[in-house]
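Next come two complexes, and both contain chain A; in the first it sits with chain B, in the second with chain C.
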Partner chain A sequence: VTTFIQLVFSGLALGSVYTMVALGFVLIYKATEILNFAQGNLMLMGAYLALTILTQFHVPLVVGLGLAVFVAAVIGSAVHFVVMRPMLGKPLFSVVMVTLGLSILIQAIVQLLYGSVDRVYPVQVPNRILTIAGARFSQLELTIIITVAVLVVLFALFFRYSKLGLLMRATAEDQEVAVMMGVSADMIFSVSWAIAAGMATVAGVFMANLSQVNLGIGDIGLRAFPAVVVGGLESIPGALIGGVIIGVAESLGAGYINGSARDVIAFTILLIILMIRPFGLLGQRTIIRV
Partner chain B sequence: LFASALATAALVATACGGSSGGPSTTASCTNAAESQGVFKDHVLIAIVGDYTGPTAATQEPYMRGIQTYFKFANDHGGICGKQIQWQEGDDKYTVPGGQAAWKQFNDQTPVYMYFGNNNSSVQDSLQEQVRNGDTPVMAESTTANSLFPFNKNFYQVVETYELQAIEGLAYFNQKISTGGAKAKAACFSLTVASGTQYCNNIKKDVEADGGTFIKHWAIAPSAVDATPEATQIQASNPNVIFLHGSPNTAITLFKAMDKLGMKTPVIGIFAVISETVYTTAPKAVVQNFAGIHSYTPAYISGPGNDEMNAASKKYSVDQTVAQNFNFVNGWVAGKVFVAGARAGAKASGKVDHSSLRKGLDSLNNFDTSGQSANFTYSSTDHQGLKTARPYTFDFSKNQLVPIGNYSDYAQYFKP
Partner chain C sequence: MIRALAYQTSYRGDMRLVKTWVMRVWLFVIFAFALVFPISLNDGETQLADGFQVYLACTALVAITGAVALNLLTGYTGQISLGNAAFLAIGALAAHVFGIRFHLPFVVVVPLAMVTGLVVGAVVGLPSLRVRGLYLLLATMALHFIVNYVFLQYQLAAAGVSGLQFPHPNIAGFVLKADRQWYYLFLAAAVGTCLFVKNLTRHAEGRALVAVRDQDVAAMILGVNVARSKVVAFAVSSGIICALGALLAYWQGNVTNENFPLSLAIDYTVMIIIGGLGSVTGAILGALFVTLLPTVIQQFVQGAANTLPALSAFTGAKGAIFNTIVYGLLIILFLILKPAGLAGIWADIKRFFTRWPYSY
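The block that comes next holds the complex of A and B.
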């Protein structure tokens, strides 16, 4: 039983990391209907921004993280104006290819500026070990789980009750009508990119605490993809549920079968969900009348 | 016969005297062999590896070390008057990436020497093409398939996984085992060819030594959590864990071990040991960690490292890269290559693949001035380094500490 609890909790922690990445995908998709393949490397950018701030200004981790989120949000917004806005009205395939190009560009710039050598934050998220019900957990994992839970609630409330959230949903629902009603689609899209980049920074900093600051941080972007699709591309709670399902399933699979079962399980779940509910567990079924 | 003996003597004399990047031979080779990457005034080298993928932190310093040595050698006459030029290729630690790079630098832009195939799965997938081709190859790590049976084109610059396994077990028996207890070993690796090979070697050596091999666990390079594997390892109660992978693999495993309260000694291959592993992973775990490495860290003074450190500053290499363990590895790989190329050119009066192979094969007990054990290649053996040594860590100085000399571990090499 202890092993089971241990594996489930590790899966929850892993799932929380997937959820953080998935939230970034969902935020962009919800507002712009663009599947942003640069989300993983936005995490990479955020992790290195935090590294720069922490090493240059010697500020506490929370302050460094806050500043990094702010700078990343500004960059995210700029990405919309410089890279994505010219793509408005272009075929979806072209837009997706642009996000792939953006991903490669971000990684190349980070490598150009920082090189490939592993780096370490001068201050880390506390990582004491706690024992609950005979199973052992790290403080870092608990911090990630709690942070993600809080973020999911905040985003759900934001989209449901705030004016900006409502405008973002309206724009995603029907861009033309929203614009005719006086909504600035430009502003909505840039805010979406800003929030997604900020969110990616939080995820990147946690990833860097789980291992090191290095160019591999963005790789989890693709590993989190099954979580995004399972939960539903435009659902905030779906990102949480998808992340947790995939994280726990991977952990139990690796624990009770072997490590190679991780990807098999994740992508099997993805295939099954796509066959039964192509729009994801909490995604919206779209009915088009012709 | 006499002429052949003279030529061999000349090659050996050049090789033994050429431990430094300069001064080079005064002669100038004017030949060109463009299909072999040899031009009138320069030679073209490919330096391919993982510049941006999951093992870039290990491989990039290695490749920068090679490049820095080339700059140093160019300032000392290059290779028989020809400057060394190079092109980079990024395989991102993927087999398709490695194969594409190999194709590029063999078919489209032929090179004089190919530094690449550092990913063991890439290496295994290309070993027949390397064997049947003409381009000499140096790789950062080597699988048995590339070396045996003898491969005229493949040169190793890091001790084999087989020897790293033997020396790791010897280190366990001599320094860790209490009361002469035999190893009850778990093996943890990346999901690549060398991981399987290394763990198979551990299994063979541990069982031959009368110990018990429990199981081989493998994890993907991009994995961020090893708790399930660590849970299984803990349940199997090993007295030593042998580790293959990268610094990230090590940190992922060590964090999981710490979470589970495991303090089992861990012995790793060359690619997992770095200062950041010791400073990032929980101390309770890493204080029981040692790694086997073929090279001497840059901050340990010696004639070879002093020369390298001066050059890295002269050529404005980022010192976080230049002080990396693997930078030394790259610098020495460049040094060995240049010594071999010069020896071959001096003996034959021309620069091409054939003279390069002959020159490299003439390196006998090539002295790297303290940066590693001596190198020996021959026309029947390309293992090069036949010994390495374990390292632990001094937490007060944040530096790796060697356990003994390279020669202490030479006894484990069996031809």
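The block that comes next holds the complex of A and C.
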């Protein structure tokens, strides 16, 4: 039983990271109906941004993280204006391919700048092993879970009560009407990209602390896809639930079957969900029959 | 009479495979060149470089076959798929099961791999009746990871980390060994696939696929069995790709699951996007473009580095990364600026000359 609890716990930590990435996916999808394949490598970019800021300026972890999030947000909104804006109204496939191209580009640039060597964060998040009732928990994982929980609540409040959040919801609900009411769709899109990039950065830093800073982080971002689909592509609470489900399932699978079963478990769940409920657990049902 | 464009005056003419005599001549020249290409390279002191050229030509032909087959699914039928690497892996897997485990000869193994592909493709195509667009993309991506896992487990059970081993295939006493010999097999595969797809699109079956892509509801009303068309497209496309996977496995001689990464599937999709969706010519051009691009960029950078030493930083190990950056940029630029791809550019050039000087 203690093994089970420990595995669930690290699954929750992993799931928290997936949730952050999935929230970014959902946000961009809600606003622009684009499935952003570059999210994983935005995460990679964020991790290295934070690494650079922390090693170059020797600032406290929180300040460095904040700076990295800010820079990533600026890059994210730049991506919208430079790359995604010309693609408005183009076929779905082309838009997806552009984000794939972007993903390849980001990864290659990071590789060019930093090389393919593993790196470790200079400022470690405190990571001791806590023992509660015989089960051992890592403090780092606890920190991640709590931080993500706080961030998700903050984001939910922002989305629910702030003016910008209202505008974003309006645009997601009905873009044409929102634009007619004077909302700048362009602004909303770029803000969505900025927030998504910021979230990816937070996720990237956590992921980097869970393992190491290397180019593999971008591929982990791909594993957030099952999380998004399980929750429903346009559902924000769905991202949370999906992230947790996938994280825990992967952790249990890795613990009880074997390490390489990780990817398969997430993607098998994805496939099953697509067969039974293609719109996800909390997504909107759209009926198309041919 | 001045020929304005290659307009056809009869149905027969419009249905012909090669519509004008100019095209016929060009095709003949290209085909003749493709036939003598490996022979034309001399075996002199530059053996290594020649070997690389033939190797590159083989890769390009493999890419052409795969891209044309994928184009049948994505370009003609409009079913987005990231499953190409998975189907290549299934082909290699089938080749190992039939060829090594059951000791069947090479000439039997490849058709069997194709049949495996047909069956698996039809099964995988079934979800396409239920999910579409982005969801189908995600489903094929899921397939990719699942196949990769299955492949790894089989590989570990059958051969260990070193990978699946394949002998040089023996076709009726003739052993395929050198790249030059493989080249002709791949050439046949590529030409055969192109002809097959081109002919299919002239056939009722193929036109049904295009109708499903453009307007599935309208296609259904016109009597096209949409479900059947989608499954057929999946089955045929993956059948070809699996057979290609089997050939690839024998050619490389040693195959691991890392030979079929997700980036390979992305590469194939990029080929048909850059080339131009829904066109055999486009898929060929795209495949050539993507496979030859790294070499061309490196040649270019090497040349430029001789005059501008600062550029030499982008050769060697950094060169590969530099290639990737150019590759990513090209994908983005093509999609933003030239969505019709290389086939579109080619059509523009032709239009410019046929209509010159009255280009409007």
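Keep this in mind: the second predicted complex is superposed on the first by the 281 of 290 C-alpha atoms of A that agree within 3 Å, B and C clash if a C-alpha of one lies under 4 Å from a C-alpha of the other, contacts with A are read in each partner's own complex, and residues count from 1 in each chain.
Keep this in mind: a contact is a pair of C-beta atoms (placed from the backbone, for glycine too) under 8 Å apart; a residue touches a chain by one contact, two chains touch by 3 or more.
Please read all numbers here as calculations on a predicted model, not as lab measurements.
By the touch criterion defined above, A:94 lies against chain C but remains apart from chain B after alignment on the C-alpha atoms of chain A. After overlaying the two complexes on the shared chain, residue contacts for A:229 are found with chain C alone; chain B is out of touch. In the superposition on chain A, A:161 contacts neither chain B nor chain C. In the superposed model, A:14 lies in contact with chain B only, and not with chain C. In the superposition on chain A, contact is made by A:263 with both chain B and chain C.
Contacts of A:111 after superposition on the shared chain: both chain B and chain C are touched. Contacts of A:220 after superposition on the shared chain: chain B is touched, whereas chain C is not. Contact with chain B, but none with chain C, is seen for A:207 once the two complexes are overlaid on the shared chain.
In the superposition on chain A, A:86 makes contact with chain C only, not with chain B. Comparing which residues of chain A touch chain B with which touch chain C, the overlap comprises 107-108, 111, 260, 263. Chain A contributes residues 3, 6-7, 10, 13-14, 17, 107-108, 111, 115-120, 127, 129, 136-138, 141, 207, 210-212, 214-216, 219-220, 223, 251-255, 258-260, 262-263 to its touches with chain B in the complex. By the touch rule above, chain C contacts chain A in their complex via residues 74, 80, 127, 130-135, 137-139, 141-143, 145-146, 148-149, 152, 216-217, 220, 226, 262-263, 266, 269-270, 273, 277, 318, 321-322, 324-325, 327-332, 335-336, 339.
By the touch criterion stated above, chain B contacts chain A in their complex at residues 51-54, 56-57, 59-61, 191, 217-225, 227-229, 231-232, 235, 247-248, 251-252, 255-256, 258-261, 274, 276, 279-280, 282, 318, 320-321, 324. Per the touch definition, chain A reaches chain C in the complex via residues 35, 83, 86-87, 90-94, 96-98, 100-109, 111-112, 222, 225-226, 229, 233, 260-261, 263-264, 266-268, 270-271, 274-275, 278, 288, 290.
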